[in-house]
Amino acid sequence: MAGVAVTTTINGDEVEFLCQPDETLLDVLRDRLGLTGAKEGCGTGDCGACSVILDDRLVCSCLVLGAEAQGRQVETVEGMARGDKLHPLQQKFLEHAALQCGICTPGFLIAAKDLLAKNPDPTEEEIRFGLAGNLCRCTGYDKIVRAVQDAATVMKGA
Amino acid sequence: MVEVTLWGSLGAAAGGLNKIDIEAKDIRELFRKLAEQYPSLEPYIDRGIAVSIDGVIYRDTWAKELPEDAEIFLLPRLAGG
Amino acid sequence: MGFDPRHLERNFKSVGTSPIRPDGVDKVTGRARYGADFNMAGQLVGRVLRSPHAHARIIKIDTSKAEKLAGVKAIVTAADLPDLTDGNSEMYAILDNCMAREKALYDGHAVAAVAAVDAHTAKRALKLIEVTYEVLPHVTDVDEAMKSTAPVLHDTVFTEGVEPKPDAPSNVAKRTQYGHGDVEAGFSQADFVVERSFKTEQTHQGYIEPHACVANTSPDGTAELWVCTQGHFVYRQHCAELLGLDVSKLRVTSSEIGGGFGGKTHVWTEPVALALSRKAGRPVKLVMTRDEVFRASGPTSATSIDVKIGARKDGTITAASASLRYSCGPYYGMWAELGAMTAFACYNLENVKTVGYEVLVNRPKTAAYRAPSAPMAAFAVESAIDELAKNVGIDPVEFRIKNAAREGTRSSYGPVYGPIGIGPTLEAVKNHPHMKAPLGKNQGRGMACGFWFNFGGQTCTDINIGMDGSVSLAVGTVDVGGSRASLSLVAAEELGIAYEQVKAVVADTSSLGYNDMTDGSRGTFSSSMATISAARNAIQTLRERAAQTWDIPVEDVVWEKGHAIAKGEKYGNLASLSLKDIAAKSGNTGGPIAGHSELVADGAGVSFATHICDIEVDPETGATRVLRYTVVQDAGKAVHPAYVEGQYQGGAAQGIGWALNEEYIYGSDGRLQNPGFLDYRIPVCSDLPMIDTQILEIPNPNHPYGVRGVGETSIVPPLAAIANAVSNAAGVRMTHIPMSPPRILAAIEAEQAG
Amino acid sequence: MRYERPSSMEEAVGLLTGATGTAAVLAGGSDLLVKMKGGFIEPDLVVDIKSIDGLREIRETSDGFSIGSAVSCAILGESAVLRKAWPGVVEAANLIGSKQVQGRCTIVGNICNASPAADSVPALVAAGAKASIVGPGGKRTIPVEEVATAPGKTSLTNGEIIDAILLDKRPPHSGDAYLRFIPRTEMDIAVVSAGVSLTIDEEGVVKSARVALGAAAPTVLLVEEAARILIGSKADAATLEKLAEACSAACRPIDDKRGTVAFRTKVAGVLAKRAAATAYARAGEK
């Protein structure tokens, strides 16, 4: 299988890679670029652990081919903090104990970031439906929802 | 001498006994004597037996002493999630 | 270690607060490394070939074509994992489950594995392996499997626990019995008797992280394994035994674990990865797909339970009995036995009898799932209790209060209880505003109780004090839900220093003595005991060093608030020495300062919870909606309250999923129909309300701070609480879990049809 | 496997026509990549149509709307004019999968996947939507209900690609609605579903109607009897009950992991009557 050469932007940095044509963006991020923040929980778009933002759209990177990233902007959990300053969502997830095992956390953070970008003042119901594509098996979602609510408040004030 | 209560299936394996009086000062001695006096219990002991002493379950500690007047109950060694 | 009653009055400084966890920043920035996030130079990709048949004799495995494929570096079958278990039937079951020997016993059973240079090649190689099967009749249903006409999985299994020994092999591996008194006499005194049969379907722990490991075996007999596990010492033991390695030459590092809930308590693919690595002479990474996780890891039992409970007019239960049939997968287990032990544990019963049957079926090997076996038994019993209360005409909470076990009650599984929390949780529920909130049309409220034993076990902890006064805490119980935070709080509490001064890590198997796995709600309970003991050992050394510094007898040095203080007026001019002061001079006073503890943390306190929930049912479609949910549970002492709440909420959410939608669905061909998160429906964010919690603290008399395990009990009441709520909302008693919309609608229509 | 990203329809059709082995069209990929992952399909060629001019646009034409086949359902949901004209179609499209899937999936992919449970299809069929097809033999337009012929099978021939879905302009006093049944609140495939589109007169009497059911038969069912019951009525309770019965009677579902025959049959009627009530209310608002 001939490789596909791809030039893309990840977390603001231009990146070039060679991938197999049937390789997913998730596999490229994890196995070729060492960005293991996005997780593979299912590989079929059902758990959201591999969520990334692709040109301002929240997607499951397991349902995107690496080749499709050509010329586009990819945002992963590794790009959320600015230097040593955590993103308000990251900070609020910590403060609200919104993670236990933490495997779903990167996906939730990315999904919540996308949610708040499009709806800075969501209701609880909007948060719950907005994050329904991300499975968490530890927390029962209670503390995740509270963390997102709190982060929204902080971000509005910022 | 302590009085030891067996759980249902263990009692059946011991020939239908519900309680056994046994001379044992600690859990180690209890298991040894049980195996000597009731060879049919050996597979159960090998698989793991927990000892409840006054309601506190001991799964591993052989050296735990068995007070004369204590409520001693044998249970299978449990699994958890 | 006994409870120190001074802690009742004592104001803890660290314990009882909820600081940010030490592994938190890594987890929110994507830096934390889980099972699949680790790689080694030269690593190969491992993949497993699995049986498409529910039950089949393996006639022949021809790997010759796959071996010839360029890039294939090793292929293993059962022949490469010879039986070294020496008559240990539990280990043999694990071995046979890792790689099928004579027979494939379920859809998904591993039959061969390959290591290749990349995933493509590994996948192609699997297709080139030719397995000749003789397909055998199968049975997946627990009741069907018990029939004399059912296909028998093992002709060597004769029901244990019945006299005389049966003369024909059967799928009933074992019969167990618990109880006391005379139930027949008890039922004859009853004015009301409820007798019902219940079924629950098989569910999966549903951890989001699939099993993953990297194995590296060296020709010199040493090996290393990076793996997500609830117990790396246990995995080391299993792998060493199955591969014939020296235990101490196998170093196992537990990665961050992306959920386990009991499913990562014994090995699945890890011995296969090591065998592949041994054969290929290179590291092998083996990650299960989600499909493999569902088909071939360890879900919980499917059950079929009969319950009979009788009560007098005044509401006193006179007798209770249950017959419990639990599926074990193809191998012997003690799942029904746990159900039989826990079924009536909440109640004070004069006459009680439970009988459990371990049933072998062509499904994956059953593994522990959070308070294993208790939720199903509680569903049956708490449903019957609710119905009985209704028949007697007493409020369900009052009825339970009247019959609740208390200190001194002989439990239904045998021992007499010490101080326990069932009564207080019921009183708290009775007084909870949730119980008084109004309900609308098609809405119903249910409540139920639950019990779990909690375990202790072998535990080993090290404390090492840095020269700058910072403290590293090495624990051997895998952190599944924030225990590094709670154990750091305990270390800080004992040493009298700030939480931030402590850094907790989970040590690998070569750095610490043996630890049992994190199961049975034992992580914080056991490791906090070892941490307290290790800290006290370190304090002893700190006092000695201070005494040496001052040149006074150590008996005159006390440790208070993180400082050594010379006690006595004659030492009035000696300024106290902080931990930091002493650590700074440790090189001159005898070398590094450390505290160790190796212990068996016995005396785990039993745990009780009572849950309340409100459900709305759409009578035209059977759709349900959880409107409100409240958890009340005894924690003994909540070390890190936010994570205790998290355990309560998480267990409740898993229970809600189990109650309403989660189930393994097998086709008539014996194959699993829904091995994915699309059709194995765990609750999503929009399915749930906020989950209110109330933490009660009834000290465990066998822990210095009174701590009880908190991890598991929260999954026990939800099945029953929701069943009671749905039954109240729909006006028909639900007896089959999950209460999926088709089942609810069918029940409503059957009721309407009379 | 080869990955190609053509910039024109001609090029795309040429690639597909000239392909040896299995060729697949990639728009959103939310079905294709899942099938590839599971090994159900191993394409030799994947043609990504997202770079083709116009395929990612929603155009308002003199007759109505043309929705390019690479328009994601998220984009569809953000179209105010479409939401106003065809709220039922948009809500159906927005029910497919999660937010993550919405960012990728397309209604054309949903149609071509040919699942009887596809969410957008009953709503599109009720709306009388048409598929514009480009192929080696030129262009043709067919009703959406004629695309899927059986589960997983379509009437598209070798080299044909749907380039757009066409929806009519709405006459005044029209409304549509789509409802599906899923066990959870999100993330499930429809167990059964119903789409209703109707137009009423000034007096509130239904003049025209179309009712379609999903997951009730091997392909989406257009229930003409149900439409006849609605037409001439004011969607009163008795009419809606008759409509529900007609829909249930038309069902030919199967028992599977998602639902039973009895459940689907009953609930198809319930959803159809509820969707009809919503569509009727919407028609009254405009």
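For reference, chains read A, B, C and D in written order, and residue numbers begin at 1 within each chain.
We take it that contacts are C-beta pairs under 8 Å (C-beta built on N, C-alpha and C of every residue); 3 or more make two chains touch, one makes a residue touch a chain.
What you see is a predicted model; the values in this text were computed from it and never measured.
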Chain whose average C-alpha position is farthest from chain A's own: B
Chain pair, A-D or A-C, that carries the greater number of C-beta contacts: A-C
Geometric centre distance via CA averages, chain D-chain B, whole Å: 67
Rounded Å distance, chain A centre to chain C centre (Cα mean): 29
Length of the line joining the C-alpha centres of chain C and chain D, rounded to whole Å: 44
Per-residue multi-chain contacts in chain A, two or more chains: 1, 20, 43-44, 46, 129, 131-134
Per-residue overlap in chain D, given as positions that touch at least 2 other chains: 38, 185-187
Residue list for chain C, restricted to those that touch at least two other chains: 205, 261, 677-678, 683-686
Set of all touching chain pairs, with the criterion as stated earlier: A-C, A-D, B-C, C-D
List of chain D residues in touch with chain C within their complex: 38-39, 181, 183-189, 191, 256-260, 262-263, 266-267, 270-271
Partner chain A, residues of chain D touching it in the complex: 1-3, 5, 26, 29-30, 33-34, 36-38, 43, 46, 48, 50, 72, 74, 97-101, 103-104, 185-187
Chain D partner contacts - residues on chain C that touch it in the complex: 123, 291, 620-623, 625, 660-661, 665, 673-674, 677-679, 681, 683-687, 740-742, 745-746, 749
Residues of chain C defined as touching chain B within the complex: 90, 161, 163, 174-179, 205, 261-263, 265, 334, 337-338, 341, 368-372, 413-418, 452-458, 519-522, 600, 602-604, 702, 711-712
Chain D partner contacts - residues on chain A that touch it in the complex: 1-2, 4, 20-22, 24, 43-46, 48, 51, 54, 57-60, 62-65, 67-68, 70, 111, 114-115, 129-134
